[in-house]
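Two complexes are shown next, each including chain A; its partner changes from chain B in the first to chain C in the second.
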Partner chain A sequence: MTKIAYPLMGDYHVPAKFLLSHILNAEIISPPPITNKTIELGTKYSPEFVCTPFKYTLGTMIESIEKGANALIQMGGGCRYGYYAEVQEQILKDLGYDVTLINLVTKGKTDFRRIVREFKKIDKHFSLLKALYYGFITVKMVKYMDTIDDYIRENIGFELEAGSFEALKFKMLRDFGKVDSYHELYKKYKYYLKEFAKVKIHKPDNCLKIGIIGELYTVMEPFSNYFLEKELAQNHIEIKRFTNAHYLLFEKTWAIKRYLKDMKPYIKYQMGADASDNIARTKYLCEAGYDGIIHIKSSFCTPEIGAMPIINKIAGQYEKPVIFFSFDANTSETGIKTRLEAFYDMLEMRRGK
Partner chain B sequence: MVKVGIPRGLFYYYYGNIWKHFFKFLKIPYIISPNTNKDIMNRGLKYSNDEMCLAFKTYLGHAAYLQDKCDYLLVPRIDNFKQDNQTCTNFLSAYDIIHNTFEVKVLNYNIDLEHGEALKKGLIKIGKELGFDKQKIHQAYRYAMKKNEEDKQREITINLNKLKSTKTKILLVSHPYNTYDDLIGKEIIKYLKQNDVEIIYSDKFDEKITNKLSLNLSKDLYFKYSRDNVGSIIYAKDKIDGVIFLSAFPCGPDSLVNELVMRKIKIPHINLVLDDTSSFTGTETRLESFIDVLRGLNHD
Partner chain C sequence: MKECYLGVDIGSISTKGAIIDDDNNIVASAYIWTEGNPVKAVRNLMRILKEQLPDSYILKGIGTTGSARKLIGLMLKANIVKNEITAHAVGTLTFYPDVRTILEIGGQDSKIILLKNGIITNYAMNTLCAAGTGSFLSSQAKRLGLDVNEFGTYALKSKNPVKIAARCTVFAESDLVHKAQVGYPKEDIVAGLCKSIVLNYLNNVGKGKKIEAPIIFQGGVSKNAGVVKYFKEVLGEEIIVDENSHLMGAIGIAVMARRHKTGHTYSLEMNNIKFDTKAMECTRCSNNCELLKIYRNNELVDSWGSKCGKY
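Right, the complex of A and B next:
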């Protein structure tokens, strides 16, 4: 029997597992959470100067195989991310593992025909109708998770009882994973919306507000950005983040046209992956009165490297502080903390003026 | 009359010949920045981000050199040649980066075949911007394409004839903007020639053939220039003694493509990755031992 595993990114393993377990007659292997061992494994077998998400996902793949998986899912994006799967398959084969890689994208774009073909290979009785129904629920689940995450990000820095948001979110994800129909999911979502609103917070009107932009994997996987959002929350800062799974899957195609129109004086074309989006967001954050911008990416992320000089220019014109982080497998955590502390000390001083 | 500046980097090595013929026909004065030297490199480092690839850093250097010597800089954007032939994201963002970094006006066109933006349309747009009438531009375009085709065919023939040579034959797999750059590939080519090696260039093959051949090694590859390179390896694999992979640090497509190809091919090969601090001494040692290995295999 096929034992299938998927890559990890943020909390999206919950909808991923939900979808796969409902539409495929296969055993689902939950990959172990990302730890230092994951990234060490990934770095050991990765090419020299590949971007960090390659290393994280490769590490997760090896750990999943050790847990018994023999089929692995990989996704893709508008840069070299779309080409990960084939290289990772070869690396795993050379390591002596007998696995199939299920690549959900063709030439960097989501390819539904390919997905159906690949799933039919695993499960002869794969039903498209069923997949569409559960796909719909999964999409809604992602949407609800993202909405609630946005609320959490705005308020988690001001909770009266430390850890109350996280505990509630943990419960919510557990419940979301167990639903069986759209109706049930919707009821759970409404319930948790109320519960989150009940969490006691003390939020001053003039709190510091920071926007986080950057490369999608690093933004969405907390381990790969050294739990940056948590760190900011501990310092009582409101966080705004744009990139999430729902944005990438459904909103981006339309948003990018609007962004390019807005950004005419600066950029004319789409610059690959999320580069133009982040440039447009920089302008938005500057105009919307945020105190500062944090740009994060994994090392060697080419599209974001191209966006950085333009982001810098825009932030300079609006006189908004912006700080750039480039994360790799062996970035020093103390270094990040020191730079962050200096950054919000500076923001507070600017506020005081 | 306005003067157009052409930075000698990236796009120049793919389209420089067409541009030259096009501008010559229309009698537009143009200036091409000199071969990359230390001065240009340093200008590039000043304007670039330290994680940009070496080729892009030098490109910015060329643009910086030209910024006060011309009225327009020519910086196209190349997105794709249909969906399975995309380019590196630096080719997508070069125009916007240059436009935001330098004060000089930028002449620009876009190649995006998926959305019907082709080279012809681009050159016509440029001609119009410089104030020529349509008929004249069409003539210039046809002239430039014809001349370029002739030059290209001649170069391909010379390159393919080298495959019949009796000397040690090495296929140099690299993007032309690295191969022919004075600070990146020149020393390597010089060294190989001194050691009586026949060099076959991966970019001087018929791309219509090599592009398809690449599917034998990699089904999912969608980078146009990498596909051409990979295809050339398959085309020449029985006629060559070794392969040298040359790339600029940290090239996005090469980091994955070269890794995959090196794991799959059974021809002796080395991988050279150069950055702005590399010295030729280290490279020389590796090249020397590689040639020794190849010759040893031949004579035993």
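Right, the complex of A and C next:
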């Protein structure tokens, strides 16, 4: 029997597991959570100058294989991410693992017919109709998770009882993973919306607001950015983040056209991955009265390196502070903390005047 | 009784302490080497400061900054613990309210702070490279058989500094050896090194930053006359080096300790305090966090390094 696993990113393992377990007659292996061991494994077997998400996902793949998986899911995107699946498949083969890699995005496009063929190889009774129905629920689940996450990010810095948001989110994800129909999911979503609104917070009107932009994986996977959002929340800062799975899957195609139009003085063409999006967001954050911008990326992320000078220029024109962080397996946590601390000291000083 | 405030700046190479009163006068100050043991260095520092401090003063606040700020903050029960970037900016603003640029080169790190109307507008700190820092200078001084203190004046003798490939400490060192072996005079090599520090700093930390006068240069390396000279030459602006430039971080944190004073009275006496740290590796999950437990008088005051928050 096929044992299938998937790479981890943020909390999206819940919808991923939900979808796979409902549409495929295969055993689902939940990969172990990302730890130092994951990144060590990934770094050991990756080319040195590949971007860090490659190392994280490769590490997770090896850990899942050790847990018994023999089929892995990978996707691709508009930068080096587009070659992840092929390169990782080769690395895993060289390591002597006998696994099939199912690439959901090839040549920058999602070819559904090819994916159906791939799934039929795993499960002869694969039903497209069932897949469409559960696919729809999964998409909604992602949307609901992202909506609630946005609310959490705005308010978690001001919770009266430390950890109450996190505990509730943990419960929510557990419940979301158990639903069976769209109706049930919707009911749960409404219930948790109310529950989150009930969490007691003390939020001053003039709290510091920071926007986080940057490379998608580093932004979305807290382990890879050394729990930056948590760190900010502990200093009572409201966080705005744009990139989430729903944005990448459904909104980006339309949004990018609008962004390119808005950003005409700065960019003419799309710069790959999320670089042009981040440039547009910089302008939005500057105009919307945010106190500062944090730009994070994994080391060697080429599109974001291209975007950085432009972001710097825009921030300079609006006189907004922006700070850049690069993360990889060897980043010093203390260094990040010192710079972050100085960053919000600076924001507070600016507010004070 | 007059009130005074202590600021301690524990850097990688040196430990600085300054005691100021309400009018920003420096009542006592000390500058000693950390020698890899911040706890011991601070004990020494306290002893020296205690000898200097007149009896008519009463200590009303303690602040710590620098890379060992958290540890020493716990040890001294400081009322404020802040990063060195803020401390340096506050310290400099106390004496030079209209400063626009602060260049700071310390032992392990170098930073640039841009200010406008008395507030920080931007800053940068070196990330990976040690080629523009004091430890590089001191290791090269040792190689050339010179004392770090006379390094700067030695550089001033040179009329024709050699070019040294200073992109990276390792390459700089091999280039330096090469230049010495082909017979360049020592003062030219020393001057070349000082110039390479300046260029490296401006290319690395100062990249993309608009450096405007008045410019203040501080940190341990600011005591090096050669580096100051080349900063002037390259930037084409007057560089201000305060006589207390090496203490600026300590003064800054002392000023902040005064702003955040709690009303408690503190003591410089350290002899009766037992301070221990214990390191261990947690094996509960594959994160293998390195934990550090801190004991003050045999009582656990804090533990660091845990990712999950169990400790």
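Here is the rule we use: the second predicted complex is superposed on the first by the 353 of 353 C-alpha atoms of A that agree within 3 Å, B and C clash if a C-alpha of one lies under 4 Å from a C-alpha of the other, contacts with A are read in each partner's own complex, and residues count from 1 in each chain.
Everything that follows uses one rule, which is that contacts are C-beta pairs under 8 Å (C-beta built on N, C-alpha and C of every residue); 3 or more make two chains touch, one makes a residue touch a chain.
This is a predicted model, so every value here is computed, not measured.
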item	value
Fit or clash - chain C, chain B, common chain A	fit
Touching partner for A:K140 - first (chain B), second (chain C), both, neither	neither
Which superposed partner A:K3 touches (first chain B, second chain C, both, neither)	neither
First, second, both or neither for A:H236, with chain B first and chain C second	neither
Which of chain B and chain C A:K252 touches, first, second, both or neither	neither
Dominant toucher of chain A (residue count), chain B or chain C	B
After the two structures are overlaid on chain A, angle v-u-w for chain B, chain A, chain C in degrees (C-alpha centres, nearest 10)	80
Touched partner set for A:R114, first chain B, second chain C, both or neither	neither
Partner chain in contact with A:K209 - chain B first, chain C second, else both or neither	neither
Which superposed partner A:K188 touches (first chain B, second chain C, both, neither)	neither
Which superposed partner A:V50 touches (first chain B, second chain C, both, neither)	first
Per-pair minimum CA distance [chain C against chain B, superposed on A] in Å	7
Chain C-contacting residues of chain A that also contact chain B	309, 326
Chain B to chain A touching residues, read off their complex	49, 51-53, 77, 79, 83-84, 86, 88-90, 92-93, 95-97, 99-101, 108, 110, 218-223, 249-253, 255-260, 263-264, 273
In the complex with chain C, residue positions of chain A that touch it	32, 35-38, 309, 312, 319, 321, 326, 334-335, 338-339, 341-342, 345-346, 349-350, 352-353
Of all residues in chain C, those that touch chain A in their complex	67, 82-86, 117-123, 125, 127, 208, 285-288
Chain B partner contacts - residues on chain A that touch it in the complex	47-51, 54, 79-80, 82-87, 90-91, 94, 103, 106-109, 266-273, 275, 299-300, 302-303, 305-310, 313, 326
